[in-house]
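Here it is, the structure, as structure tokens.
Which chain is which? They are A, B, C and D, in the order written, and residues in each are numbered from 1.
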Amino acid sequence: MFEEVGTTTEGDLVINVGPQHPATHGVLHLVLTLNGETIKNVEPHLGYIHRSIEKMSESLTYRQFIYVTSRMDYLSSHINNHACALTVEKGLQIEVPARAQVIRVLMDELTRLASHQLWWGAMAMDVGALTPFFHAFREREAINEIMEETCGARLTMNYICPGGVMIDLHPNFQRKVKEFITLFKSKIDEYDEMVTGNIIFQNRMKGIGLLSKEDAISYGVSGPAARGSGVSCDIRKLYPYEIYGSLNFEEILETGGDCFARYLVRFKEMRQSLSIIEQLIDNIPEGDFQAKTKAVLKLPKGEFYSRVETARGELGVYLISEGGTTPYRVKYRSPGFSNLSALNHMSKGYKLGDLVAIMGTLDLVIPDIDR
Amino acid sequence: MFIVDYIKEVYGAVKSLLTGMNRTGYYFTHHKEIITQEYPDNKDTLVLSERFRGEVVMKHDENNEHACTGCTACELACPNATIKIITKFDVTPEGKKKKAIDTFVYHLELCTMCNLCVEACPTGAITMAQTFEHSVTDRSKLIKKLNQPGSKIREGVE
Amino acid sequence: MFSLEGITDAIYSWLNSTFNPTIALLIEFAIVVVCVIGLFAVLGLVLVFMERKVSAYMQIRLGPNRVGFKGSMQTMADTLKLVLKEGLVPDGADKFLFNLAPFVVMIVAMLILAPIPFARNFQMWDINIGVLYVTAVSSLSVIGILMAGWSSNNKYSLLGAMRSGAQIVSYELSAGLAVLSIVVLTGSLQLSDIVNSQQDGWWIFKGHIPAIISFVIFIIAVTAETNRAPFDLAEAESELTAGFHTEYSGMRFALFFLAEYVNIFIVCSIGAILFLGGWMPFHIGNWEAFNHVMDFIPSSVWFFGKVFFLIFLIMWFRWTFPRLRIDQLLNLEWKYLLPISMFNLLLMTLMAIMGWYF
Amino acid sequence: MTNEALQETITALIPDTQFETGAEWLTITTDAVAIKPLLTALRQTAGLDFDYLFCLSGVDWKTHFNIVYHLSSTTQRHTVVVKAKVNRDNPEIDTVSDIWRTAEFHELEAYDLFGIIFTGHPGLRRLFLTDDWKGWPLRKDYEDPINMIKL
């Protein structure tokens, strides 16, 4: 079932992309074998930002280990926290109050939007257009301000705790979010004008980095990258958690399997997230924002797995408890790690310039891969 | 027709390029859209959210009294061993020994501003401050003592 | 009225009356050299500052605004920094070529300045094959880039240099053909003749459709030739970090940087001379009053105004468009631009023979 | 398919399969030796179609290792968990990277952090840690006095 792993022959050029390289957005190290400009093999070397969060989690209590996961995929840190909190709640069998659920989902979608905006800017920068990056940051800033006001931090919010959220919404929250919705709706069309419709951009994207549906499944690709290949894998739809089951939104599916399809999926997801926020922002139920929990949490002996949809794909938290105050073993199934495994397959035979486009549409966040 | 398609394609391509240029041209001429914040200059007008987590501080009132009982709940809640509480025994007027804090050591260099200690505090003695310019030239300056000299526990806080 | 011609004539006559002709000539040479180097420095500073401000406003930023008035001294400060920095030579580099390359690129840029008429009767060397000279010399700069890429002993640099070689050699063709189409109209290779032929109207108006086509092709081709986005494949930041000048630092890097901007200035001034009438003022038919007002504006202002307009256009491209891929870049040249410009040249020749231009 | 139906189908396929129930998903426990035929059957049997390996984790139980495969089907939407017991002294297990390509990376991770050798893996190497790293960090008996801070 394997293709021949590219072997170095005379005339091949082996170059190191990274760990310090503008296109890897972090400390990813790829060893490329090139034939002229054509890629023969890509071999990722990881670990430059490996902090062994899984080992750390083994010595942290159930309240503490949630915050560490903010540092995995720092662009969807809230969603990571959410996944961990869900696992702990599954173990403790806590019913989360309705208000907390809505707040969590609202924050999830805001985080997803912020992440996609950053991705959009960085993606355009990868293919050489530098201006969209700043335009994307303008709208992202509005989200960060909202986050800062309610959660107390802009990126690694640590807003979720087992049983709900740490603190109630800020009184300004609804007004600010509505302002943001109006702002973003007027700007998202500019995004289209600047990048999506651009003929150079389309030529750089279309037919590049093809990933068939079968391969996407076999490589465990998830999230927008897989949905660009037509794999229905949105956890929010398939295995709804919190209140996602009752929300009205679409799972975006594109069948192209190329970079442009993946681009479109993410782009359209921004509008879906916006619609989810619009549905919820006026319907935040009153009530507690946190369920009553004991000061020291002890999960019963057993294994708990919960999965959520981050901005990059499926995040799974596999927690084994031995009945103590700390987990026995935590495994994070991070979306970036699985998506990266398909990179070699996707970029073989394309040009060096395409590699950055492919990496851009995979939306790799290196701490998420390394953990 | 081949030639018609070709011209259409070129027209579409040129149009897409011009739309993009129109957009950047718009921003080039509309300076009101500029979002740059000139940071050190706007320091006086800069408003930080009251929930912003900059560093942990201990609240003291005008009598130089705080509410920390030295229960070490925050120390236990901290994931990074940022807080170290050194306790001592005070002798009350009735002659009983009572546990009180001697020093509340706070390692700012280890702190990730996760708010867990503030959440854990049963008496609300510590809180998050909105300061954010923490850079110092020597790492040891980041180790802070949070209880002010001569401060004591407020009456009635158990 | 302000005129550069008067200044040069005054200096010339004063020198010739004071010294004997040989010494006068030598002094003139010295003055020219100082002027060119001065122009280089000023152009570098102004263009880098302009690029920063243009990019900043397009990216809804303020851009440099701390050093000097509105940040105008920022490039000066940066140059100072670059001068003071250590110029590193990587281990295993071909030291001779490595040190030579920035100077080659620089000297080539300097050479092309010679035949450019900056204002009415203000030209260093009115060579009668001016256009040929410019096209010939400008293709030399690829040697400097290849030298830099090869000698750096860095694979990124090598890839960048190879891309640059392929790119410049290809785009030279359509740039040359676009230039030729104007030469066909004027019947002269001398730049001053070409400018003078536009007394009654610029070629872009007089030559209507074919001239506009060749103008567009010329702008695209020179953008590619100067390695500017969207054709900045040679230094494609997100792919090759910095391409051929990855390993350069300090003053050597500054020379590459300067040469890039001077090259932009040169190609834009060639474009202005050929298509927009050089230093010729803008005239409309027989609107005497209007034409008179236009004549009142000094010729050097006209020239620099046109050049900076073209430079702005190229900067506008850079800060709007994504980069092309190397094969798309070559496709664009060989499959679209070259056939179109060949056909356009044919059309232009026909037009010149039949006298279909105004 | 429901967990019960899955259990029946798999029992029909491989009669002496051991199951753990009670958890969210049906769990199969097996031995390292038997893993390859079992997983191949799970992948290839029509009606089961476990084509999506979404998680592969190693667990150190001090007496033995477990490799836990979380399998799911993108067509049937059912999930099964397979736990393979690996000997701690001689940690070897067959690779499944030829069944699911994603296992290639996940197995590298398990090798790097647990030291479990996946026989037949196309390029077993240290993925996160340096090539000369001593020890297997996620094992419970791993000690690192410099980098590990015990609270």
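Assume a residue touches a chain if its C-beta (ideal position, glycine included) is under 8 Å from a C-beta of that chain, and two chains touch if they have at least 3 such contacts.
In this text the structure is predicted, and so the values were computed from the model without any measurement.
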Exercise for review: Between A-C and B-C, flag the pair that has more C-beta pairs in contact.
Suggested key: A-C
Review point. Which chain has its C-alpha centroid at the greatest distance from the C-alpha centroid of chain C?
Key: D
Study note, to complete from the structure: chain A to chain C, mean C-alpha position gap in Å, rounds to 45
Review point. How many angstrom between the C-alpha centroids of chain D and chain B?
Key: 41
Review point. Any idea how many Å lie between the Cα centroids of chain B and chain C?
Key: 51
Check your understanding: When the C-alpha atoms of chain C and chain D are each averaged to a single point, how far apart are the two points in Å?
Key -> 63
Study note, to complete from the structure: Check: chain D positions touching at least 2 other chains come out as 151
Exercise for review: Hunt down the residues of chain C that sit against at least two other chains at once, touch-wise.
Suggested key: 58-61, 319-321
Check your understanding: Which residue numbers or ranges of chain B touch two or more of the other chains?
Key -> 17, 20, 23-24, 35
Review point. Given the complex with chain C, which residues does chain A contribute to the contact?
Key: 13, 15, 21-23, 37, 124-131, 133-135, 138, 194-195, 198, 200-201, 203-204, 351-356
Review point. Hey, which residues of chain B end up touching chain A in the complex?
Key: 12-13, 16-17, 19-20, 22-24, 35, 48-49, 51-53, 77, 79, 112-116, 119-120, 128
Review point. In their complex, what parts of chain D are in touch with chain A?
Key: 23-25, 51-55, 57, 59-60, 68, 70, 74, 77, 98-102, 104-106, 109, 113, 122-123, 126-130, 137-138, 148, 150-151
Check your understanding: Okay, in this complex, where on chain C does chain A touch?
Key -> 55, 58-61, 155-156, 159, 163, 229-230, 232-233, 236-241, 319-328
**Study point:** Residue ranges of chain B touching chain C (in the complex, touch as defined)
**Key:** 17, 20-21, 23-25, 27-28, 31, 33-36, 38
